[in-house]
Amino acid sequence: MRVKSFSLVLGLALAFLFSSCGKRSSINKVEVTVGSVLPLTGPVASYGKNAKSGVDMALQEINSEGKLKIHVIYEDDAGEAQTAVSATQKLIYTDKVPLIIGEAASGLSLAIAPVCNSNKVVLFSPISSAAELTEKGGDYFFRVCPSDAFQARVLADWLLSQKLTLVSLLFINNSWGVSLKDEFVLYYTKGGGTVLSTETCNEGDRDFKSHLTKMAKPKVQAFVAFTYGKEGGPFLRQASELGIKLPIYGGDVWGSPELLEAAGESAEGVYFTFPASPKSEKYEAFAKKYRAQYGKEPDVYAAYAYDLAYVVANAFTSGAKTGEQLRQFLVSMTPYEGVTGKTQFDRNGDVVTKTFDRKMIKNGKYVIAE
Amino acid sequence: MNYLLHILILINIYIVLSVSLNLLAGYTGLLSICQAAFYGVGAYATALLSLKAGWPWLGTVAFGIIISGVISVGIGTASLRFRDDYFIIATLAFQVLLYSIMQNWIDLTQGPLGVSGIPQPLILGWQVSSNGGFFLLSLFFSALTFLFVRRIVNAPYGRVLQAIREDDLFALSLGKNVAAYKVSAFVIGAMLAAIAGSVYATYITYIDPTSFTVNESIFILAIVILGGSGSVLGSLAGAVFLVVVPELLRFLGMPSSISANIRQILYGTLLVVCMMWRPQGLIGKYSFQKDGSNR
Amino acid sequence: MLSQYIANGLQAGSITALIGIGFLIIYRTSGFFHFAQGIILTLSAYSVFFLLATGQLNLPLISIIFAILFIYGFGLLMEASIFQPLRGRGASGTTLLIASLGIYIVIQNSISLLFGDDTLSFRWWSVKPGLPLLGARFTTPQIAIILCSWVILVLTWVFIRYSKIGKRIKAVANDPTLARMVGIDVERIYLWAMGLGSALGGIAGILIACDTDIMPTMGMNPFMMGMVAAIIGGNTIWGTAAGALLLGMAKHIGIIWIPTRWQDAITFIILLGFLLFRPQGFSGKRKRKAAV
């Protein structure tokens, strides 16, 4: 009797043991969960959604390949800092993720970076480009998109090479706008340029007549405007209406379709810097698949996010599981060849292998500027 | 569990805010839409002093209270000659101006970039860092506010305030220094709101001006009105109601793209409905009626 | 360049005057701060957008007229279904203000739900440089705003002063009880006032949209400026116009010396200045509410 019941219990216990690790050992598949905080609704939703589309497409491929299954818990912050922080806290404390994909707006990356750093959770951004994130992002912040410090330099060099040494500047009063402006003014004035007037605007502003009037100082040769597409549109339109015929230069955000939609024909002839378009076969294949799946052209952030997802997958495949281990991997990894070219990070988490192109809008299309 | 604590912490913060405004609007009849500005003053005081100057949290709370008090004395004194609509407009003007300062005086507040990495409080050896800890902290202050205000409104002080609400000229004729009472209610309300700001800043660890706009002031006013003007318990009920119900919507599976709008439509509708059929709010005692009748 | 600043200021002042008058008529007649006026501006602009851009009605002028009629009707609806019953229950100005605020919140968020938060446009003309005049460029929308605002303002003034309804509106504005005793149908006049105020706000909203497109929160700032203009103008029509011009000019000329980001604060600093030193405004009499 006793032997029988004992072996029954033993048998049951062994059965439990095997079934619980059976999932792993039989299929040999590692399942991991990461978090994501992105603006999926609200004023900058297009960025969040595009990034998500890139991640999703990559994960479909990765998860079906067999060895690794990555599950992402997406949180929407609607573009608001408090919501982003609350979402981050939930992901870290409740879901216990070792890595978070996010944020979009640089200001929000700054907002959630302290929480991630103090909890040793990697924060990996596909979009945040403000220069101050290099330092203030902390040890656990990484980004696939190049810092604005590069962008500012490219833009300053461009203007100086066109002999445009007197400009007026407009910038949007947030993290991205301020840091881009600071970097730009630094390089531009070092190279001999002069900024005649500096004006600020807020997100969502639609009346720029005052700003334009102030910027149109007597000897000014060009306007530089660091705003999003939705402010850029009215800005360009009103510049036309006020009869301003100067060349206008913008930041990378003007390369997103928003600007063309908002400005219409007034966007013709506008210049801007933009993360270098990958021209490789890999990118073409990616773009083709993206078009088929989503019915539209991928924007650069979708491409960055796609590469980001693959880098994350590589980190997990190498055996890293905790935030600390993931961070160690990212800091020391060899360059990853993706659809946006090479990706490698320095010790600040900045990507060091990406550059910016000079582009313009011609005949309603985005082309490389001559 | 952590999520539940998060909701409770927010409720506690809003209890402090709504009780502080109720003292002013519900008991004294001074409808103000600048409470969010004082909320912001407390938050920025804590954020800037603890981050940049290394002050201990309680010290920043004290400073926030004092600054709020000083500013509100100025605003209160300037506004006390207005009544009803004009008073509301005067407070609106101050709200917009204080917000503008938060947004545009970049050297001080860092403007729209906000202040991030606000340290968590270390109180007498207790490092508050978990949601449980913050719950206890916020509960302490909401209980303190609730009991304090309830105490003073049941005392003669509170009775004078209510008399002023009903008919301030009459109160004046009875020899009460109406101006002093009005300003004092305004100042106490402002100081309490600053405390809420200090708790908020250290809990969320990041603040920017968008939390302290006119919309926020209107929201706090809505809590007071819907919960019940002239009743401290009403503000408690209002805070619970207006914080919890939108969160419930989230669980109904409503996509977050519309839940924010739905939440606002909800409380906008409630305001109209409340004015139509129950102007004194859920548990209130005062209903802003023309003939002074309190239904 | 100064002339361009003046042109910008003139535009701002003109549209503010129009908005202010609409607000004023409702405030003086019905006796409360009608915050929902802010959303009336927005709603009428979205109506034009809806009629035009969704192909319901492809003629711009007809769409605009329809939109104005719609907003007029909407104002009547608000008055009849919400404010009238509230008054019947003894509501004070404060109660009506709160209800009006509630209406604003509901409608603004409904618009966000239906149309999204992005900026939309019903522009049907192409962008071209404005008319050069005295060293400034008057953009086409600017000219439209300035002309329409003043024409409508004068028409409104004539209506209020000389027509039968206008005189009754003035009577009710002065003293509703007395007006009732003289046999004026006060409730009907409330409807007239709300309808007229809403129509004026609606026209203003459409004009603004022609210049800077539409988004759900577009109405609040212009409305607040209009309200401030009415207050500092002393609650009379021409006072409001003067106040509006002051605000518009101050805002657009002031930025010659101060950074543009402080622009919005100028309006409220001026308001506070008036409240502190001359609460009755330019032309008003001392009001009970402005003094104890």
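Letters are used for the chains, namely A, B and C, taken in the order the chains are written, and counting of residues starts over at 1 for each.
Going forward, contacts are C-beta pairs under 8 Å (C-beta built on N, C-alpha and C of every residue); 3 or more make two chains touch, one makes a residue touch a chain.
What you see is a predicted model, and the numbers here were worked out from it, not measured in a lab.
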Q: Any chance you could check whether B-C or A-C wins on number of contacting C-beta pairs?
A: B-C
**Q.** Closest chain to the centre of mass proxy, which here is the mean CA position
**A.** B
Q. Counting only C-alpha atoms to place each centre, which chain is farthest from subunit A?
A. C
**Q.** Centre-to-centre distance between subunit B and subunit A (centres being mean Cα positions), rounded to whole Å
**A.** 37
(Q) Distance between subunit B and subunit C based on Cα centroids, please, to the nearest Å. (A) 30
Q | Centre-to-centre distance between subunit C and subunit A (centres being mean Cα positions), rounded to whole Å | A | 41
Q: Return the residues of subunit A touching two or more other chains; collapse runs of consecutive numbers into ranges.
A: 173, 202
Q: Find every residue in subunit C that makes contact with two or more other chains and list them.
A: 259, 261
Q) Where does subunit B touch two or more other chains at once, residue-wise? A) 103
Q.
List the residues on subunit A that touch subunit C in their complex, please.
A. 42-43, 173, 199-202, 204, 206-207, 209-211, 213-214, 216, 230, 233-234, 237-238, 240-243, 262, 264-266
(Q) Could you list, by residue number, the parts of subunit B that touch subunit C in their complex? (A) 31, 78, 80-86, 88-90, 92-94, 96-97, 100, 103-104, 168-169, 172, 178-179, 218, 225, 258, 261-262, 264-265, 267-272, 275-276, 279, 287-291, 293
Q: Name, in rising order, each residue of subunit C that touches subunit A in their complex.
A: 1, 4-5, 8, 11, 117-119, 123, 126-130, 132, 137, 139-141, 211-213, 215, 217-218, 251-252, 255-256, 259-261, 263
Q. Along subunit B, where are the residues that touch subunit A in the complex?
A. 2-3, 6, 103, 106, 111-114, 116-117, 131, 204-208, 210-211, 256-257, 260
Q) So in the complex, which bits of subunit A are touching subunit B? A) 40-41, 45, 76, 78, 80-82, 85-86, 89-90, 93-94, 107, 110-115, 136, 173-175, 178, 202-203
